[in-house]
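Okay, so subunit A shows up in both of these, paired with subunit B first and subunit C after.
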Partner chain A sequence: MRKLIVEASKTTPQIILDPIKGYFLFEGRSFPENSKKFYAPILEWFEGFEPLHNKDYKLEFNLSYISSSSIISIFELLKKVHKLDKLGNIAIFWKHEHDDESIRQIGEDFTKLAQVSLTLEAISTS
Partner chain B sequence: MLEISVHNKLQTLILNQFESHKTVLNKTGRVIKYAALKNISTSDIEQIASTSDSDMLLSGFSKRGRKSFFSCVIELLQNLKIHGTFTQLNFDQQFCFVSKSDDTYRLDTFNFIATEAVRPLSNKLNKYLNSNYDELKAQYLNILSEGKISKKGGAGLGLITLCLKSNFNLTYKIETINEHMSFLMFSVQVPSNL
Partner chain C sequence: MVNTYQLYEKMTNGNILLSYKGDASKDVLSSMLDILESKLKESDVSNKTKKKMYNILVECLQNLYHHTDEPDPTIEIENSSAIFMVSRQTENFKIFTGNYISSNDIEGLKERIEHINSLDLESLKAYHKEILNNGQISSKGGGGLGLIDMRRKSQNKLNFEFHKVDEKTYFFTLEITISTNY
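Our next item is the complex of A and B:
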């Protein structure tokens, strides 16, 4: 499976999907004009991804703003990852600035609704 | 020919509304930070959100207030971008104002809508605005778990997010012009101490 990198724009996050390193990252702001269209290739990438038995994976979200339609797309992505993670070797980290209640809340909502185990990680504000 | 004439009427009407809205904001002592009468673009939305955020930081607004206003700008203006063209006549002009007072930041928007869309929209808005936080949050989670996004990219969470982020400081006004056309104005504001 090939590595996928999407550069950040003013309205979309940087995305790194690196199956060799076992590292997946979503970082920045997410409010594309059409989130369904923006996240479609990402969801498609995960459709074709099969985690290896003897490898650990890290999926990290470090988003500072997420629009409501992006929330739905990311939720869909998390449900997909949850289905893929039959061996429990994909660890998901949901980062939020320590004083950013709204991003933390989104992570909590995802945990509640998708029964996905997210590690909420408060980071200090620069 | 008829279509051009109706187009001109809409242009005049939106211009009059724009000017009268500007006068009201000035009279109430609000400082207008941004005003535009145009087809709002994605780049405009990003610029309005980011510029407002920087100014709110300088003006001492809380981080929660800044993030809430940022969210309101994105949700309301993306909503305007998706639904703000009066498709029956392909009239794509809208307007928006960002204004501030000592203790609030506010976004006002205006666009034309089909009269047949008025009732469903106002029913939905009244339902949201008459809910309390917990009720609305439950509706939000329900829509999120269903996870449907339209082809245009709307998710149905935008209006709920606006109510929640503004702490229900969302007002709207709809005026029916005739059986085909109405106009819709939204106003959302965030206090400095949110």
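Our next item is the complex of A and C:
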């Protein structure tokens, strides 16, 4: 599996998918005009990804804005990750600014709906 | 002839932060978001309110974009035009949007907004989850969560109207009030 890096734009997050390091990151803002189109290659990447049994993986979300259509795309992504994480070695972290109730709530909803366990992590804002 | 000064006064007295009528293209909408972001940054409201405003603005602008991006073939008039306006009063912000809509879509949209308006905040939370769980993104990228989000974040009912233009076409207006008090 090749490493995939998507640079951040004004409306889309930086994305790093690094299978060698075992590190996946989504960071920044997510409100592309068409979230389905934007997240399609990411979903496709995970489609072809198989976690190794002797390795730990970390998937980290650190998003400051999430549009409603992005919520649906990220939910699709989490369901996919849940399916391929048969060994249970992908740890998922959902960061939110400590006073950002709505981003925290989205993480909570995902935990309930996608049956994935996200570690919610409050970060302080400067 | 439009009296520019009268228009200027009207906009000042109505505390209009931004007002736009025209094509809802991606570039125009993105510039408006930039302008409003910097106006919000300068304003004296809490970060929480700024964030809420920004979120609702994004949803509103994306709605306009998706509506006019692929014009509805059943509407015969030139229909990519929309209106978008933001005002600031002491206690609240107001966002106004307006766009053409096919008469076929009115009933469904009306039912959805009325349902969303009828729910209290706790039920909205559950409804949001339900839509997310069953939700499918449309080809335009919309997911049906936008209106629920606007209602939840603003904590106010969504005001809306349909104005008949001709047999096939209506003009849909939406007004959202965001309190600056919390």
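Keep this in mind: the second predicted complex is superposed on the first by the 126 of 126 C-alpha atoms of A that agree within 3 Å, B and C clash if a C-alpha of one lies under 4 Å from a C-alpha of the other, contacts with A are read in each partner's own complex, and residues count from 1 in each chain.
Here is the rule we go by: a residue touches a chain if its C-beta (ideal position, glycine included) is under 8 Å from a C-beta of that chain, and two chains touch if they have at least 3 such contacts.
Model, not experiment: these values are computed from the prediction.
In the superposition on chain A, A:65 makes contact with both subunit B and subunit C. Of the two partner chains placed by the overlay, neither subunit B nor subunit C lies in contact with A:55.
Once chain A of one complex is fitted onto chain A of the other, the partner contacts of A:98 are absent, as it touches neither subunit B nor subunit C. Look at A:3: by the touch rule set out above, it reaches neither subunit B nor subunit C. In the superposed pair of complexes, A:36 makes contact with subunit B and with subunit C alike.
Contact with neither subunit B nor subunit C is seen for A:86 once the two complexes are overlaid on the shared chain. Overlap of the subunit B and subunit C interfaces on subunit A: residues 10-11, 31-37, 65, 67-69, 71-73, 75, 99-100, 102, 109, 112-113.
For subunit C in complex with subunit A, the touching residues are 26, 30, 47-48, 51-52, 54-55, 58-59, 62, 65-66, 125, 128-129, 132-133, 135, 137, 139-143, 145-146, 148-149, 153.
Here subunit A touches subunit C in the complex through residues 10-11, 31-37, 65, 67-69, 71-73, 75, 99-100, 102, 105, 109, 112-113, 125, going by the rule given at the top. Of all residues in subunit A, those touching subunit B in their complex are 10-11, 31-37, 65, 67-69, 71-73, 75-76, 79, 99-102, 109, 112-113.
Note for the complex: subunit B touches subunit A at residues 42-43, 45-46, 50, 63-64, 67-68, 70-71, 74-75, 78, 81, 141, 144-145, 147-155, 157-158, 160-161, 165.
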